[in-house]
Amino acid sequence: MSQLLTEFRRPELLQIVALTLRVTGAALLLATVAGVPIGALLGLVRFRGQRLVTLVLYTGMGLPPVVVGLFVYLSLSSSGPLGVLGWLFTPTAMIVAQAIIAFPLVAGLTMSAVAGVDRAVRQQVFALGASRWQSAWTVLLEARVGVTAAIVAAFGGIISEVGAVMLVGGNIEGQTRVLTTAIVLYTRQGEFALAMALGVVLIAVAFGANVLLLRLQGRLRDQ
Amino acid sequence: LAAAATAAAQAPVKPGVLRLATTTSTDDSGLLRAILPAFEKLCACRVDVIAVGTGQALEIGRRGDADVVLTHAYQSELKFIAEHHARERFDVMYNDFVVVGPAADPAKIASRRSAREAFAAIAAAKAPFASRGDNSGTETAEMAIWASADLKPAGAWYRSLGQGMGETLIVANEQRAYTLSDRGTWLAMRDKLPNLRLLLGGRSIAENPDFALRNRYGVMAVDPRVHPGVNAEAARKFVEWLVSPETQRVIAAFGMTRFGQPLFYPDSDRWKASQVPAR
Amino acid sequence: MTTAPACYRLESVQHRYGGRVVLDIGSLEIRRGETLAVIGPSGSGKSTLLRLLQFLERPTAGRLWFDERLVDSEPALDVRRRVTTVFQRPFVLNRSVRANLAFGLHVRGWSNRPAEIDHLLTALGLAPLAHAPAQSLSGGEIQRVALARALAFDPDVLLLDEPTANLDPRNVRLVEDLIRERQAQGVTVVLATHQIFQARRLAHRAALLLDGQVIEVGPTAEMLDHASDPRTRAFLSGDMVY
Amino acid sequence: MSQLLTEFRRPELLQIVALTLRVTGAALLLATVAGVPIGALLGLVRFRGQRLVTLVLYTGMGLPPVVVGLFVYLSLSSSGPLGVLGWLFTPTAMIVAQAIIAFPLVAGLTMSAVAGVDRAVRQQVFALGASRWQSAWTVLLEARVGVTAAIVAAFGGIISEVGAVMLVGGNIEGQTRVLTTAIVLYTRQGEFALAMALGVVLIAVAFGANVLLLRLQGRLRDQ
Amino acid sequence: MTTAPACYRLESVQHRYGGRVVLDIGSLEIRRGETLAVIGPSGSGKSTLLRLLQFLERPTAGRLWFDERLVDSEPALDVRRRVTTVFQRPFVLNRSVRANLAFGLHVRGWSNRPAEIDHLLTALGLAPLAHAPAQSLSGGEIQRVALARALAFDPDVLLLDEPTANLDPRNVRLVEDLIRERQAQGVTVVLATHQIFQARRLAHRAALLLDGQVIEVGPTAEMLDHASDPRTRAFLSGDMVY
């Protein structure tokens, strides 16, 4: 226990938490900015091949982080097509990988939330003169509980993810070590108590972030 | 009563199964896959290999979740015995560590004769160095080398990864960094590491100029008096079999066809004893 | 007989839902500035016709002109913004009553016209509810919000689908007064209703739909009092009782 | 490439795929059986502390698999409280860990899908004489698109998960090796092509499972 | 004056929504087997009263008896299954029309009574739509499905909230005929309506709600023709015109 306390007073812990939030926050932002509009669109319009797109998105929710990590790694590797960017083993690479993992979750669950809004509501909004984008935004606000859940699920998926960030970040101390990779490290060392303690920290961080997200959802009502 | 309760909480012995907790290097090199079928036939049992980090392997043993552990962290192994989780440790085999680095060799270590000197040169040049940083046997060896050179590595050039050997080599390859690797993993992966060269350690263990780079593997059967749930019978048989000259001979031959040199060198007392008359 | 330019023109318009023809109109013209009542029994296609006029759906066959232009794909935003519908089953957004009224203005980027909104809230007896969440309102209140929301941005064409079905006499009067105000301003109104008396009070012309077909169309009083088609007379006779 | 083909012809591959489906399928079944009714209930009733329960569920979506794995490992370890069961390093342990990971996803997303069903629909169902459970079931059917998405997201989350199954299963060849742990193994060995190929297999398996799930959703309409 | 045992009794019942009192009834009795019309302007509390009678909400103050038993928590399933409501804004389930009609029977575990369902489908002119998805129906069709669905399981008490608001005269008659059939069988009916004429045609007694208060209650014809309260007369006079 005293070991835990010493561990927790380490300034590195703060830095690890900060990097975790920065990477996951940025990835979530990217995935949201891309995934919410696309999910909304897919939920709103009917088109040929919709079923296939749905299937692809749903399957994307099951992309193994390790495979995504490998893919990003091979792309960013110095012998890969994007090697010149020099992103490998930097937080940027981790953001890219997590954004890819988060995207299908955000888009797929937003789609199902938007599709759950009564068609009559959409017709009403259309008849009041809303443009395509305004319609989408209005329906999104009506579906905000489901859209928030989509973002929450994606956040949970990537903040707890380790396979991809380990591969493309390298778990470099002081550089690219986040909470999950630190947990894995302690686990491999047999330091189970420390690993569990960091797990608790991670869960606390996720809890705090969700409090904020639900606040935001509440705000949207008063628009 | 409390003791009875503890005993009752123990998992039942699974006859016919031997749980072997070991480090990833023994498994990833393919050694276990090559030698274990013989033992499975011999004892008419199945061997479940749990390949994890060294620390984790020992911890699994400490909790009685494995019947036998095969690791390469001598000091930690002694501690394991001091804590009564096993009665004895047996030498099994050894191989060696090598220092690899970028082909350009900015710290000019290729000409050094010992790891201590090489590490000192790397630190002086502040050339990138990738460390396992995971408390593994390899990292323990690395730390011992830094200590012998009176150095405490720190700074942007020193990257502590907290990953396995393979991953660390991958990072070193990308970042053109030096690293300490066990020879087996290096040999197995060097085709995929175009930016790295072996700079210190020679072409085989016989040519390794630095005895400090030796990597010793030991085996321990978990003590059934402390962990009644373990399959002590099979564990005992396994240890006996592993150090037997016949098995040791197979270990010595492993890797010859693929790499032209063995990956592991037999090191058990019985093997050494069996070699004496031959000399 | 055309006295004013046509607002809508329908030619051989058919509409199907999965094989079933629910609308089959040989020809129909709705003139600019007139009020046309569409009457007919439940399921005869009144709401479907309104959905076509609102460009929510494209007819499966035939041609529809709006303002002398053929509508073959979704009209440009500024064209379709001239038309709005108060649906038979209106949906309000999960916002305050006031925010619902402002929605049409908001999407048009118009400065919020608070006076106009206050006027409408008062005229429909909704002022005390301005800040209530719209989805908690009573049936008749929601119907009035839907009407006010449609009137707030001064549409050229007003499609009303049973706009007073859930209202008591006093509120019917408030709504009809507002509609008359717009008629005076030249707004074209298409009123789907099952209440013959309301058609008589508001519409210049009436059209009877039966099974998707226009049976008879003509000036309201004339048609209701001297229907030429026996089916029209049969439909109207029920109304004397119910 | 020829190496890939050889790899794919290995009978072990079939066994690994079968085990993956068995473990993830069983875990998903457990999580669904527990999570859908609980999520439905939470979405249907109003009670004090609901906000907190929501937050806890949402946070649960971010439970790091490694931490869950560690927790299950410590519980099932022969010196742990459930050691007598002898489940450690067996598929059963993997099922337990994955079910824990899947549960908050199923329950949380079901909750938000059910909450999205108009209150008036629930009142209508109540007024027609449905019991609590019948109401819940009826509303679930109305929200089936969202509930399916919840199950799909949970499925995707666990079939691609590696941290927990690795810890509690031990990645024992022929016993507890699933697709993700095999992928990690190959990655660790630098066999990137093989790892990627197995990733493709995993994605294909997930795709197939989603086809089935969407079929099932379609069936429910005709109830 | 009590001629039959009370089905419902309300005493000092108040109902609030967030501070606002929307229902405030000193005392009201609804007798077994009678039909009571609840009339009143939009927002006067008619639907709220019906929600209390359906046990969907508990009054914030006062006491409500059903069948001489005090209702202080959710009644047992078999008790509340004796009451059903056709809502002002009916919702149909995402199933076929027929499956919607069978829903009430289905949850009761009753063998499917196909004859009864066929009878209702025919009586309300829905037979051709039996296999259509209910959510694609027209406004009036949905209203009829909702009524048929409520009648299918023979409730003892029928709460009808503007059941013909979206119907044309012929369909109004079909619906009213069915209601009369149930009245003859002794079903207690509470009918919220803004149509005075419908109240007159169907109800034994009528109650006028204004701002949540019962202004006057009495035998329908008597009350509508000789209202004692000036507010009642004012409300009724509008109806002569609209």
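In order of appearance the chains are A, B, C, D and E, and numbering begins at 1 in each one.
Everything below uses one rule, namely that contacts are C-beta pairs under 8 Å (C-beta built on N, C-alpha and C of every residue); 3 or more make two chains touch, one makes a residue touch a chain.
Treat the numbers as computed from the prediction; the structure is a model and nothing was measured.
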Neighbour overlap between subunit A and subunit D returns B
Farthest chain from subunit A by C-alpha centroid distance is chain E
Top of the farthest list for subunit D, CA-centroid basis, is C
Cα centre of subunit C to Cα centre of subunit E, whole Å, reads 29
CA centroids of subunit C and subunit D: separation to the nearest Å works out as 50
Subunit B to subunit E, mean C-alpha position gap in Å, rounds to 81
Cα centroid separation, subunit D vs subunit E, in Å, comes to 46
So subunit B residues touching two or more other chains come to 52, 164, 167
Multi-chain touching residues of subunit C, meaning two or more other chains, are 89
Among subunit A residues, those touching two or more other chains are 118, 167, 184, 187, 192
Listed by label, touching pairs are A-B, A-C, A-D, B-D, C-E, D-E
Note: in the complex, subunit B contacts subunit A through residues 52-60, 62, 133-136, 159-164, 167, 171, 174-175, 194-195
The subunit C residues in contact with subunit E across the complex are 17, 39-43, 46-48, 88-89, 136-141, 144, 161-162, 165-173, 176, 194, 196-197, 235, 238-239, 241-242
The answer for subunit D against subunit B in the complex is residues 77-81, 83-86, 88-89, 170-173, 175, 185, 187-190, 192
So, in the complex, the side of subunit D touching subunit E is made of residues 118, 120-121, 123-131, 134, 138, 141-142, 221, 223
Per the touch rule, the subunit C residues reaching subunit A in their complex are 51, 54, 56, 77, 80-81, 83-85, 87, 89-91, 93-95, 99, 103-104, 107-108, 149-150, 153
